[in-house]
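In what follows, chain A forms one complex with chain B and a second complex with chain C.
Let's look at the complex of A and B:
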């Protein structure tokens, strides 16, 4: 074994499961990173997290009904996103609406996951739904993920300026005739798609790692919005790639030589990036102020 | 276009309000407002808390739909954008990836779809707007790290860059220290003179505006009176507006309106934001 095999473990390029994980993960990361920047700027992290969580209800429901998990994730996200928009018209009501809807949806999730474990013999399904398993994503899902990611990016590209305007100075945007609520609704649609894609890839509970982690790091490091969006997309893709790489390598790690969960590594890298970003920012500030 | 405006001997009306009423649930927050503002005037909107000052401004900005009456901008006629609105002070997250120039740029083309591709003309317009508010050199400063007075001026630039007929400012002086407040007043005054923009500025303290404002709109309990300081800030006028005895004190060039706070009706008992 040569030294680089400790980084690129043997067989990683030829493994079909890894191939699917790469492409699916990249598509998901592109949507999550870009949408995530606006989630962070708009202070909607809680909504983003709730949308991921409630995906478990849809995925468990889909499993019981014999439908693909992705469609369950999306259906639960659409119902929740719509309810939050409808209930929480004012900013102050929003968090409360999100909390109430999320609690109810997670209650349903508890019921569905219980039924899954009782009536089917897929004992690992609840784990896969809650904590994800990128290596088991079916290759047949790739066209759907491609379409969904393109849709989310297209929505963002279309409403980019009005969205930024309504995010930074909502009252001014409204006085200039921008349909602020409609723009918010269109963004919610993109957010549902991104959050549920992330939920499918890294698990309903851990989707926040991909949606918020890279975006928060980028928003903190970049000075201009366009740069933050590009940086977040890059960081999210890097996050997924590094997660897959480490997960594949972990097959050779103790204790049991069966590999550690990908989602674990994705969250570790996500947190590591955020911490490193904070450190870099602090050094930059110190250098800039020291130079004055 | 600008020359044509300055040549006119009798200024056209910039704003005509007829029988304006705004109701929340069953309370009339503003009622029977009739007034006309001439082009290029600097108007202070003065009054106690909860009187309806901000409601009046927000209605003019199109944020609140009037329950009754009419608002017209006769001078705008599609040539210029009717209003530029500067909201009440709010805080931006210091880590927001947004520079002063991004905020001003949104005032220029934030209503359009898609991205703004950088071009020299756009950049020049943004820098020109920032120069008008004395913030040359602040274009690349992070918006969330500006001081209160600087952010206020960036928002004025954001409004000006859309070439508005009227500039509407909601409490731009509140929570600013005296020096910053004076800078904002000076900037707004100069802009109104140089660009011929009509200014309506809401404040609960009229004193910083005394040297610069042409007339004022005094709002109490949803009623409004317009006129010069000498016409409006008089005991008999204000007694009628407040509905009880107030005292008008003039001390060292400052004006204080002292009301009997225990009498009924002051501020009508509600706060509106």
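Let's look at the complex of A and C:
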């Protein structure tokens, strides 16, 4: 037992659960970080969070129906995303529609989880569904996560220019003949895929943290959108890696041999990055103004 | 239809009293939530306050105290890092941090799973007479705050620039609004749960804002829809034993749809 085990615990490279967590976390972070930049620019944080949260409805529904959890997550995301697009056409209505739809999905989740606890003997199932952990991700999920990340990034690559245009100046984009509504719909699809992938692999808490934290930090630091996308993806990957490392180390922290949850570390790092980004932004502005 | 004990059992009487109080609070605070487009905040504050209840369990304090503390802290946190009425990113960051903290409390505190479930989704049989008193006190404070701030807050919500030109302290009103939301959250979470408290602050008020022709009419509709949703939900939850949050969110969605259909 040496001092450095508190910051670099022994056996982190040899642990198969950690390996799976690294891979799953990296795949999720790449998709969430990239999609998140547009979520922040378009002011859709609530929708992004809602899509992650309703994953529990899908998970509980899939558990009851006896189908794979992945399909439950995707179905819940598609229903929610579709309803928000349908009900919230105008910007002012959007957050209200998101709230009402999300509330109903969570209410459904309450019912499903109640039924799970009544009709099955899996008394821990509701808790596992609500608070999934990155260290319990099944390795068999990796191909699906890879596919979902590629799908989300491919959609974004396909609509990148028109999306950027219709996000920055929707009216101008409309007048130039860009199908703004269709582009918005395609982006919603990418958001659903990224958010549900994250909710499935790392849980609803981290889905929001990885979607918004790195992207908001990147938006503070980068001057051009392309730079912001790359920076956000990088920050998201760094964020989840640091979270996993600290969570693994925390096995040796008090109360010893319990281990603190990954979600705690990732959200703390995310908030810290955002604050640091603001600081860098401020210093840069001061330097620029001082030079003049 | 009306099984025995619906109005006579002690915990059911508690549920009716506390439920009616929070439905009124949800209706009036929701009026401003919808007017300001702050539904994300209305979702995030009760949700974040769940972490406070978990933390209270770790240190052995009452959960209402933890709820209230975290509701206020998260509201102030959102106010401190958000820029000019654009709450989205700030809310998401504060919410994620609070949820991570809640996860930590649950892990190291070994909180009993059914207690967590009740805090998340609400449980009408779980409302003690002590809880009712706490809910009523918080409700009265929130109503008084609401009544005192109604006119300036209405002006600032509808036309912020006019309010600023008239010399109102915009930032102060912003914080006041967030405190109203946290008061409502602290009252609601013990009854309908952290995940679904916000449905009472969004659905009825959204329906009311569609139907009401003036602010006061919208407010009246909002309170009426909220109270009606809650009464129906308490009755059905008692009848079926299903979680009350499911019914509350379902009726809120129903009223919202009905209002949009009528107005079309």
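The working rule: the second predicted complex is superposed on the first by the 275 of 292 C-alpha atoms of A that agree within 3 Å, B and C clash if a C-alpha of one lies under 4 Å from a C-alpha of the other, contacts with A are read in each partner's own complex, and residues count from 1 in each chain.
Following the convention adopted for this analysis, contacts are C-beta pairs under 8 Å (C-beta built on N, C-alpha and C of every residue); 3 or more make two chains touch, one makes a residue touch a chain.
Since this is a predicted model, take the numbers as computed values, not measurements.
J.: Look at where chain B and chain C land on chain A after superposing the complexes, then choose clash or fit.
T.: Partners fit side by side after overlay.
J.: Please indicate which partner A:33 is in contact with in the superposed arrangement: first for chain B, second for chain C, both, or neither.
T.: neither
J.: Per the contact definition in the header, classify A:161: touching chain B only (first), chain C only (second), both, or neither.
T.: Only chain B is touched by A:161; chain C is not.
J.: In the overlay, answer first, second, both or neither for which of chain B and chain C A:171 touches.
T.: In the superposition, A:171 touches chain B alone.
J.: Quick one: classify A:255 as touching chain B (first), chain C (second), both or neither.
T.: second
J.: By the touch definition at the top of the document, which applies to A:48: first (chain B), second (chain C), both, or neither?
T.: Only chain C is touched by A:48; chain B is not.
J.: So, does A:72 touch the first partner chain B, the second partner chain C, both, or neither?
T.: Neither partner.
J.: Who does A:274 touch here: chain B (first), chain C (second), both, or neither?
T.: Touch partner of A:274: chain C, not chain B.
J.: Touch test for A:61: chain B only (first), chain C only (second), both, or neither?
T.: neither
J.: Of chain B and chain C, which one contacts the greater number of residues in chain A?
T.: Tallying touched residues of chain A, the top partner is C.
J.: Compute the least Cα distance separating chain B from chain C in the superposition and give it as a whole number of Å.
T.: 9
J.: In the complex formed with chain A, which residues of chain B make contact?
T.: Its residues touching chain A are 58, 61-63, 83, 85-87, 92-93, 95-99, 102-103, 106-107, 109-116, 140, 142-143, 155, 158-159, 162.
J.: Using the touch definition up top, name the residues of chain C that touch chain A in the complex.
T.: Touching chain A from chain C are residues 34, 37-40, 42-43, 81, 86, 88-89, 91-93, 95-97, 99-101, 103-104, 106-108, 113, 116-117, 120-122, 193, 195-196, 198-199, 202-203, 206, 242-243, 245-250, 252-253, 256, 260.
J.: Quick check: in the complex, which residue numbers of chain A touch chain C?
T.: Going by the criterion above, the answer is residues 40, 43-46, 48-49, 87, 92, 95-96, 98-104, 106-111, 113-114, 117, 123-124, 126-127, 130-131, 205-206, 208-209, 211-213, 216, 255, 258-261, 263-268, 270-271, 274.
J.: Mind pulling up the chain A residues that touch chain B in the complex?
T.: Residues in contact with chain B: 37, 41, 157-162, 164-165, 168-169, 171-178, 218-220, 222-228.
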